[in-house]
Every structure is written in structure tokens, then in C-alpha cells.
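Next up: the structures, one after another.
Two complexes come next, and they have one chain in common, chain A, joined by chain B in the first and chain C in the second.
Presenting the complex of A and B:
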């Protein structure tokens, strides 16, 4: 059959070309296709490496973040001598070393309504892998742009020992919004830096995203559109859940596309512009870094250096989860996880009353200084004759400003 | 009437809140809506209240809507699947 592969390409891709169900037709389609990978982290690394070595024609890599040492246990394309370098650029460099025949495009940008539409428009196939993010806005935004442009979206996510994988907006399968018409409340979604993630889990989900992308591009096999794979690596359990088809009646985006013929660029911009993502998701911005909240008034808080100089006897309570307390803690601190404050308030109060004796002050500390403030609010109700304060910025700030040798995680 | 034993799988945040990945739950009636079943497991594991509005349920590897009437028999598997978003 007619193809446009060179002899050196035939040799390079020979081990996949000789699979009867793949063949030279699939390789041809791969060579003339483009894929955009959003997020160059734990999922993006393996998927980009495999799509690059498989011989995709053009590969766009999006990420506005730089490499940190705590990324490397799972983001396997990033090396320890590249700390501080752009993730997208470094991943492109690594891919290029594996296969220089692919055209690479680096996008060091944050996704917003405008950038998303302009960028995704340039790529026939889209392949999503959001890196560690609790940012629901980005997830809905990318989904919506894909629906408006009629592009399939290979979606992966992973946390702790678990992964999920599906192909949205492909054939008659649903989009992300069909499946989740209302955004989950922010507190119900955890991210990798708070909940943790194991390398092989993202490695597996990211590799499978590359597999699904290859099948979508080559139009072979049976893809995961209309189905979602859920993998629990802890108990080694896999379930393939059948999804409902596209929700033309109720899904805001699918409805707006199917009710009109041939959306123009202006129509798409208008649909996106008219949708208030910030209100819909109940979060404040497009950035997905863990943010520090401030709910207590200044007089109920103490900064790290004032705490260091506080010499009177007092009770220090560390409200982090036990597994974090076991990593490192301040001397003489008592660990009562914040979850216990919420679900076992009475017992916690009793326990504190026991330990408190004649102390006049209670200080609360956590990792970043968020949960400790909420714990102050709970304790205030029970100990109105005591001084109760939270340590501003938590142990992260303590480590940065007071005790550089204190472990960072 | 004998009770019906349903195998319930907890994924993501639901697993954290319940503390285990899997539990057998006995119910008395075979016909009930998905959201009624969710209420039953919330009454057994009250912390699941936190994900009530965002979670999905599947019955024997097929997603169900909260208004669907489920016709359950012993040995059926229901999974509690909140969205996860790391990576």
C-alpha cells in the first residue's frame, strides 16, 4: 500500500509495524497526526515519551511549571540536575533525544479561556493529562474547548494508589461535563501534594493514555470512550465501568454544539465567555497551587519567630495526619489529626483537657497553616479562658524561616 | 424476608472516609433508588456525607443515575466512585 515512510522510519518502527492489527496504515496515520499533551508531570512524562517513540508527527507539550525535587519520584522524564527548568521544555528535550523525527512544540503557559481555545484549535487530536492538580476549572475548561472543537480527549488521573482512565467526547461517548454536570466541592477533591501519589500508578495510567491516543489516531481497536477504567493498585482491583452516552439534553456544552450547525470561531468564544467557570467551580483562580487561607484575625495567630521566642510553658498540638507527623515534628508536640477535631470533637476536647493541666496557652500547628486555623475555631468554643493561637504558615514556614534543617516535604 | 447482601467498593476519597476499600452491606428491600442506597451507606459510614453531592455510583460495572430504581439481588456489586484529579 502507498505510504510515506522512509527506510529509516521503517527500520525504527519495525517492531510495531509487523503487528498485523497495527501495520503500516496505522504508522502512516500517526506520522500525519498531532497531539497536544496538557501537563508534563507524572502522567504527561510517560505518555509523551511513548507517543514520541511511537512516531507521532507533531507533539505539543503544555505546562507552566518548573521541575522540583519532589516531582522526580514519579515524573520520570525529569532529572535531578534540571531542578528549576521548565517541565514542558525538559520533556521536549528528553523526547527529542529518543526520537528526533517528531516535531515538538513547547508551550510554557497557564490555561485560560483564551489560551485554551487558541491552542487546542491547532491540534487535531487532543490528549489530556493534567498534572497534579485539584484545579477543577482547568478540567472543565479543557473538556469544553474539546467539545466545542469536536476533539477527542484522553483523560487520566491518579492519586495515592488509584488511577482513572477514559476517552471523552469520542464517537457517541460522553464528555467530562456529561458525566459530572456539577463541579465537586473544592474540599472533596484532593491533590498530589496533599494526598500523595505513587510513581508506578501514574506511570501505568500515563502509558495507557498513550495507548488510547495511538488507537484513536490510528482508528484501530476498541477505545475507552463510553467506559471508564478504575484501577486500585493497593488491592489490585480493576473495574471497567460503562458510562451513559452523551447527554444531549442536559450537558451544557454538548447541547450548545449539537443544537447549532457549524459553530464559528466567534460562536465558540462567545459560549466560553458566557460561562462563569469561577462561579461554577466555586474556586478563586485558574492556578492550581495549594493556596494558603487566612480566616483568623491577627490576634489569634502567632508568627514563627514570636513562637520561637515564646518561653512560657504551653501545649503545642500538631493537627496533621499521623503519617505526616511520623515524618517529622516539633519537640513536645502532641499529635491530634484534624479529622479527629471534625469527627470526634468531644473526645478531642476531653483529651486536650487532660493534657492541658494548668497551662494558659494552646498553640496549633499543621503543614501550611490552614487546618490549624480551623482547629483554633473549634477549640475556642470549649476553652474560652485560654489563649489559643495557630502558628502562621505552619511547619513549611518554620522550616523556611526558623529551622532550615527541619525536613521539607 | 431475608436480607440482600451487596458488595460495596469504595474508591478515591470514599475509601479514605470509610477506611477500607470494600464492605458487604445488607439491605432489606431489593427495589430502591440509587440515592436511597447511597443514604443507607451514609447512615453506616456517616463521613461519606462529605462526598454525597459529587460521587457517582455504579451497579455491576455500569454507571447509574441517582434517580434510577435499582433492582438488587444478593451478590450485586455497587461501587462508590467520586471524581479524582491528580496526576
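Presenting the complex of A and C:
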């Protein structure tokens, strides 16, 4: 059959070309397609590496972040010599070393309404974007832009030992918003830097995103649209669940696209413009990774250098989860995880009464200085004769300003 | 008795003492729909923080309910009537990447 592959491409892709269900037709389609990968981290790395080596025509890589040492255990395209370098640029460089025939485009940007629509539109042959981003607002925004532009979205996510994978907005399958019409409360969302993630879990989900992308582009096999894979690597359980179809009556985005013919660029801009993502998701900005809150008045807080110089006897309570306390802690600190404050307030109070001698002060510390403030509010109700303060900025600030040898994680 | 397997995943198990799988028996003198089951779970399995599980008498946003691996929306949502040996799973959507 007619195809546009050169002899060197035939040799390079031969092992996939000879699969009967794939064949040269699929390779042709891959070569003339573009894919945008949003997020060049744990999921984006394997997705991009495999799509590049498979011979996609054009690969766009989006990320505004730079490489940190704590990324490398899972973001397998990045290495020790590239700390501080742009993730999108480095991933493009790594892919280029694997397959220089692909056209790479690097976008060091944060996704907002304007950038999302403009960027995804720039891909005239774009068949899908793969998203691998760890914040809710970006997930809704990417989904909505894909619905407005009629592009499938291969979605992966992973946390701790678990992963989820599906293809949104493809054929009759639902979009992300069809499935989750209301955003979860902001405090119910945990990300990789707080909850943790194991490398092989994101590696597997990211690789399978590349598989689904190849199938969508080549129009072969049965994709996960209308279904979702749920993987629990801890107990090794996999299930494929059946999802609702596209919600043309109730989904705000699907409804607004299907109720009108031939949306213009201006229509799309208006639909996005009229939607307040920040309010919808209950977050403070588009880059809502680990925000630092400030709820206590200054007199209920102590900064790290004042705490260092505080010589009177006192009780120091570390409210981080036990597994984090086991990594490192300040001397003489007592570990009472914040969850216990929430779930078991009475017992926590009893425990603290037991430990308290003549100390007039109780100080609370956590990783970044957020939970410790909430813990102050809880303890104030029970110990009104004590001075109760939180250590501003937590152990991260302690390590930065007072004790450089204190482990960072 | 109505025998159900109730499972939690994606982090929803944290609300239930980190136990992912629960086998429960319900008295089937009356009919059980998901609506009643949610209240029963809140009263009998949930440890604390009911607002992290239920909101406005339904599941809170971000948790997907499955009955025998099918989206509950395909089965009638809150009014789905439970059968003996049904598996009801609550999956919290993941956001990490």
C-alpha cells in the first residue's frame, strides 16, 4: 500500500510494523499526527519517551517547572546533572536523543485560560493531549479546552501505590467534567509532594497513556473511553470500571459545545472566559501545588530563630504523620500526627496532659507550617493557661535558616 | 440478610481507618438503596469527618461510586436498589502525576 515512510524509518520501526494489528497504516497515521503532553513529570516522562520512539510526527511538551533532586526517583527522563533545568526542555532533549525524526516543541508555560486555548489550538493536527498534571484546576481547564476543541484526552493520575487511567472526551465516552461535575473540596486533594508516590506506579500509568495515545491516533483496538482502569499496586488489584456516557444534558462543557454548531474561536474564548476556575476549585491560583496558609495572628506564632533562642522548658509537638517523623525530627519533640488531632481530639488532649509538667509553653511544628497552625487552634480550646504557638514555616524553614544539616524532603 | 462487599480506594479508605474492604450484612426487612446505604455507612463504618464523605445527603464531589464495577450513574444513582452480594466501591479521584 502507499505510505510515506523512508527506508530508514521502516528499519527503525520494523518491530512494530510487523505486528499484524498495527502495520504500516498505523505508522503512517502516527507520523502525520501531533500530540501535546501537558506535564513533564512522572507520567509525562514515560509517555513522551514511548511516543517519541514510536514515531509520532510532532510532540509538544508543556511544563513550567524545573528539575529537583526529589523528582528523579520517578521522573525517569531527568537526571542528576540537570537539576534546575526546565523539565520540558530536558524531556525534549532526551526524546531527541532517542528519535531525532520527531519534531519537538517546548512550552515552558503555566496553563491558564488564555495559554491553554491558544496552545492547544496551535496543534492543527492534534489528535489528543495527554495530561499528567497534579492539580485539579489544570485538570478541569485542560478537559474543558479539549471538549471545546473536540480533542480526546488521555488522562493518567497516580498517588502512593495507586493509579487511574482513562480516555476522556473520545467517541461517546464522558469528559472529566461529565464524571466530576463539581470539584472536590480543596482540602480533600492531596498531591505527590504531600502524599508520596512510588516510581513504578507512575511509570506504568505513563507507559499505558502512551499505549492509549497510539491506539487513538492509529484508530486501532479498543480504547479506555467510557471505561477507567483502577490499579492498586499495593495489593496488586486491577479493575476496569464502566463509566457513564457523555452527559449532554448536565455537563456544562459538553452541553455548550453540542448545543451549538460550528463554535468559532471567539465562542470558545467566551465560554472559557465566563467560567471562574479559581472559584470553582476553591483554590487561590492556577499553580496551587503547596500553598502556605496563614491563619493565626502573629502573637500565636514563633519564628525559627526566636525558637532557637527560646531557653525555657517547653513541650514541642511534631504533628507530621509518623512515617515522616521517622525520617527526621527535632530533639525532644513528641510526635502526635495531625490526623489524631482531627479524629481523636480527646485522646490527644489526655496524652498531652500526661506529658505536661511545669512547662508554660507548647510549641507545634510540622513540615511546612500549615497543619501546625490548625493544631494550635485545636489545643487553645483545652489549654487556656498555656502559651501555644506554631513554628512558622515548619521544618522546611528550620532546615533552610537554622540547621542546614537537617534533612530536606 | 443482605450481604454486601464495600470497598474504598484512591484515598477514600483513609476515612475508614485505612481498611479497604468491608464485608457487611444488612437486615433486609426493608429495601436498601444507595441513599440508605450512604447513611448506614456514615453511621456504622465512618470514623470521623462525615463532611469528607457525604455532602448534601449524597456522596461528596470527587468520590465515584461503583456497583459491581459500573458507574452508579448508569444504575439510577441514589435510588439504585441493592441486591444480595453486590460490591459497592467508593473511589476517590487521584490528582497526582
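Criterion: the second predicted complex is superposed on the first by the 398 of 409 C-alpha atoms of A that agree within 3 Å, B and C clash if a C-alpha of one lies under 4 Å from a C-alpha of the other, contacts with A are read in each partner's own complex, and residues count from 1 in each chain.
The rule we apply is simple: a residue touches a chain if its C-beta (ideal position, glycine included) is under 8 Å from a C-beta of that chain, and two chains touch if they have at least 3 such contacts.
Computed from a predicted structure; not experimentally measured.
*Asks:* Using the superposition on chain A described above, determine whether A:370 touches chain B (first), chain C (second), both, or neither.
*Replies:* So A:370 meets neither chain B nor chain C here.
*Asks:* After the superposition on A, what does A:90 contact: first (chain B), second (chain C), both or neither?
*Replies:* Once the two structures are laid over each other on A, A:90 reaches no partner at all.
*Asks:* Give one of first, second, both or neither to describe whether A:225 is in contact with chain B, with chain C, with both, or with none.
*Replies:* In the superposed model, A:225 contacts neither chain B nor chain C.
*Asks:* On the A-aligned overlay, A:43 touches which partner chain: chain B = first, chain C = second, or both, or neither?
*Replies:* both
*Asks:* Looking at the overlay, what does A:26 touch: chain B (first), chain C (second), both, or neither?
*Replies:* Once the two structures are laid over each other on A, A:26 reaches no partner at all.
*Asks:* Let me test your reading of the model: by the given contact rule, A:156 touches which partner, first (chain B), second (chain C), both or neither?
*Replies:* both
*Asks:* Based on the superposed arrangement, let me know which partner A:256 touches: chain B (first), chain C (second), both, or neither?
*Replies:* neither
*Asks:* Using the superposition on A, tell me which residues of chain A are in contact with chain B and, in the other complex, with chain C.
*Replies:* 39, 41-44, 131-136, 139, 156-159, 162, 164, 179-180, 182-185, 188-192, 195, 197, 202, 230, 232, 235, 239-244, 343
*Asks:* Once bound in the complex, which stretches of chain C touch chain A?
*Replies:* 9-11, 20, 47-49, 52, 60-64, 66, 69-71, 73-74, 91-97
*Asks:* Which residues of chain A touch chain C in their complex?
*Replies:* 39, 41-44, 131-136, 139, 156-160, 162-164, 179-185, 188-192, 195, 197, 202, 230, 232, 235, 239-244, 342-343
*Asks:* Taking the touch rule as given, give the residues of chain A at its contact with chain B in the complex, in rising order.
*Replies:* For chain A paired with chain B, touching residues are 39, 41-44, 129-136, 139, 156-159, 162, 164, 179-180, 182-185, 187-192, 195, 197, 202, 205-206, 230, 232, 234-235, 237, 239-244, 343.
*Asks:* Looking at the complex, which residues from chain B come into contact with chain A?
*Replies:* 9, 11-13, 15, 21-22, 47, 50-51, 53-54, 56, 58, 61-63, 65, 79, 81-87
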